[in-house]
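One structure is given below, represented as structure tokens, and several questions about it will come after.
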Amino acid sequence: MNETARLETFSDGVFAIAATLLILEIKLPDRGTLTHQLLHLWPSYGAYAISFITIGIMWINHHAMFEQIDRINRTFLVINVFFLMVIAFIPFPTHVLAAHLHHDARTAAFFYGLTNVLMATAYVCLWFYAARGRRLISPAADPRMVSGISRAFLPGILIYTLATLSALISAWLAVALFAAIALFYVLESSLFGRS
Amino acid sequence: MNETARLETFSDGVFAIAATLLILEIKLPDRGTLTHQLLHLWPSYGAYAISFITIGIMWINHHAMFEQIDRINRTFLVINVFFLMVIAFIPFPTHVLAAHLHHDARTAAFFYGLTNVLMATAYVCLWFYAARGRRLISPAADPRMVSGISRAFLPGILIYTLATLSALISAWLAVALFAAIALFYVLESSLFGRS
Amino acid sequence: MNETARLETFSDGVFAIAATLLILEIKLPDRGTLTHQLLHLWPSYGAYAISFITIGIMWINHHAMFEQIDRINRTFLVINVFFLMVIAFIPFPTHVLAAHLHHDARTAAFFYGLTNVLMATAYVCLWFYAARGRRLISPAADPRMVSGISRAFLPGILIYTLATLSALISAWLAVALFAAIALFYVLESSLFGRS
Amino acid sequence: MNETARLETFSDGVFAIAATLLILEIKLPDRGTLTHQLLHLWPSYGAYAISFITIGIMWINHHAMFEQIDRINRTFLVINVFFLMVIAFIPFPTHVLAAHLHHDARTAAFFYGLTNVLMATAYVCLWFYAARGRRLISPAADPRMVSGISRAFLPGILIYTLATLSALISAWLAVALFAAIALFYVLESSLFGRS
């Protein structure tokens, strides 16, 4: 296989597994009728959707990053392992958030947000390591595209940090912000795809 | 990797993991002799088989779709993430169905069917986004093949909706219909393969 | 991707996941000192090893099969889904076997063997569907190689059936035979690789 | 697919799944406030990080190995299955270590170390089988690179054995050594990547 192909295969594996494992965190509460139980699980469905879409968006971005990159080195591989370590961690805070929306909700939302901040930070490190001085960038890559990606990714850390801090005021506000960020990236991706 | 290859790798990962995770939902009831327990689990085996075959068929159809598609854009990637979100959800309603065939069976079958309706809908969205005006269709694709796929996929939503509504009358009827739909697609696939 | 590549990717995913999920079935008994618990788990380690090697061997054989095959059709895809359904099932009987070696052992070994018989049968169906009349066989494939694979696979059903029936006499005999079959295929593979 | 590609796909699958399954072993203790519970889990986070990075490093090394290898045989496939069997086992000792850092810690650290020794041994077998007499090495591979890899891998067994034995004196010492080894390989990889 060529240099970047195997990195992409391994990364896609972790993305796909982390996203699919999310479902294992949804469990019936075993109290009341089945209809009641299934309806009562709505925070789990919501957390599942937000996390799945977040991982999906990160996969799309990772995909976009590799359209600009045509070689790798061991430092880049190592940063990518750290990045994937955060992605693979997501099912845990997702479960914590879903299980504590009625109790200790602010702590749960803060913890969930912290993971997102870490994810955005690892992602920015990955991209800037590759893009700085066009270290791993393909000679054929359009400079405007490269700096466009840089501009798009950097604010992610700040946005996730603000959403995380908002959890200290209200868990519901934070969750609404997490959903809004996921939705924004979905729309931005679609609009971006049209241009 | 080329444009569609990585999308296929990621999707195949989610299909493969969702199908394989189904087994984690089968657990021994820990009552009676082991023979009794293993026989008593037949609803779990049945639900496992129906869901595994359903996911397998969806994978085959996804595969057939990509024989006609030769490029992607970000909107298509996003729709695909939504589609995979439903595929990855399947182990949960499968477990609910297997665990409630003797109790609250109609609710469980209805919930299972709802997931299938969602899955068929997401799939139709994915295909029609690609096929409309041949947006992402390969120039080499046979127009009869493309319209043939369109004709084959659209009724899926209606068929799954009817099977889901039948759960309100009888869970057994609904489960029989889910199995019949899976079997029909298996046979249709095989016959289709012969022509 | 080419025709067979995506089938191989999906199948490899199921093989890899089924093998890796085996570990989730190993759980500490939570009685006695940790040393005692870890030693007490030996049936789990043994079952893990036998099943992992069995899945690994099936993967190697699937790999060898695809060196002779250069095209697929939908019937073949469907048979492959059935075959993978059995592979993905293996973690369950492995857990049953590991958990019941001291109690109801014959039932557990019989159930484990039954899964192996099913696996060998599905595999033989897959191969003979492809090989009959060289339906999907590459024109470049050596006829002696093709008939050699046919001769090697067919006895698998009988061997696993006999090992399964031996469980009715003694669970230990059956487990020893399962281990011996796995070991035989490992050695046969290695010797085969040298010629 | 070409000869080595499918082996790499399957191996990458096992690496990715084993790493991602680690998260399933982290579970809230369900005692005290959520903040307390999340903080109390630090041994789980630590064990998760060490094991994830270890698996990531092994994946990077496997990747480096395959840059020198251009063909495989069945014996090599079998050794690779054994190696992956150890990789897929890692989530279990990781869970044991995380759950017993306050109780029976030396046993847990020793068991964790034993798995690492096994992993290093299987890896060395894999490499030396391929490299001996340049059996599977690409004609284009630089002999200095090949002997450089040999020199780098062999001490791994000794280093992990010493760290494992140190668990008999102190669990904390052993864990510190496991972390130091992972960190060393991370740094070595990065420096190696710069040259």
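Should a chain be cited, it is by its letter among A, B, C and D, assigned in written order, with residues numbered from 1 in that chain.
Keep this in mind: a residue touches a chain if its C-beta (ideal position, glycine included) is under 8 Å from a C-beta of that chain, and two chains touch if they have at least 3 such contacts.
These numbers come from a predicted model, not from an experiment.
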| item | value |
| --- | --- |
| Same-site or different-site touching of subunit A by its copy subunit B, using the half cut | different |
| Degree value of the rotation bringing subunit A onto subunit D, based on Cα positions, nearest 5 | 90 |
| Whole-Å gap separating subunit B and subunit C, where each centre is the average of the chain's CA atoms | 25 |
| Whole-Å gap separating subunit A and subunit C, where each centre is the average of the chain's CA atoms | 36 |
| Per-residue multi-chain contacts in subunit D, two or more chains | 9, 13, 17, 21, 24 |
| Interface residues, subunit B side, partner subunit C - complex | 4-5, 8-9, 12-13, 15-17, 19-24, 26, 28, 33-35, 38, 48-49, 52-53, 56-57, 59-60, 63, 66, 186, 189-190, 192-194 |
| Footprint of subunit D on subunit A - complex, ascending | 1, 6-7, 9-10, 13-14, 17-18, 21, 24, 73-78, 81-82, 84-85, 88-89, 91-92, 96, 99-100, 103-104, 107-108, 111 |
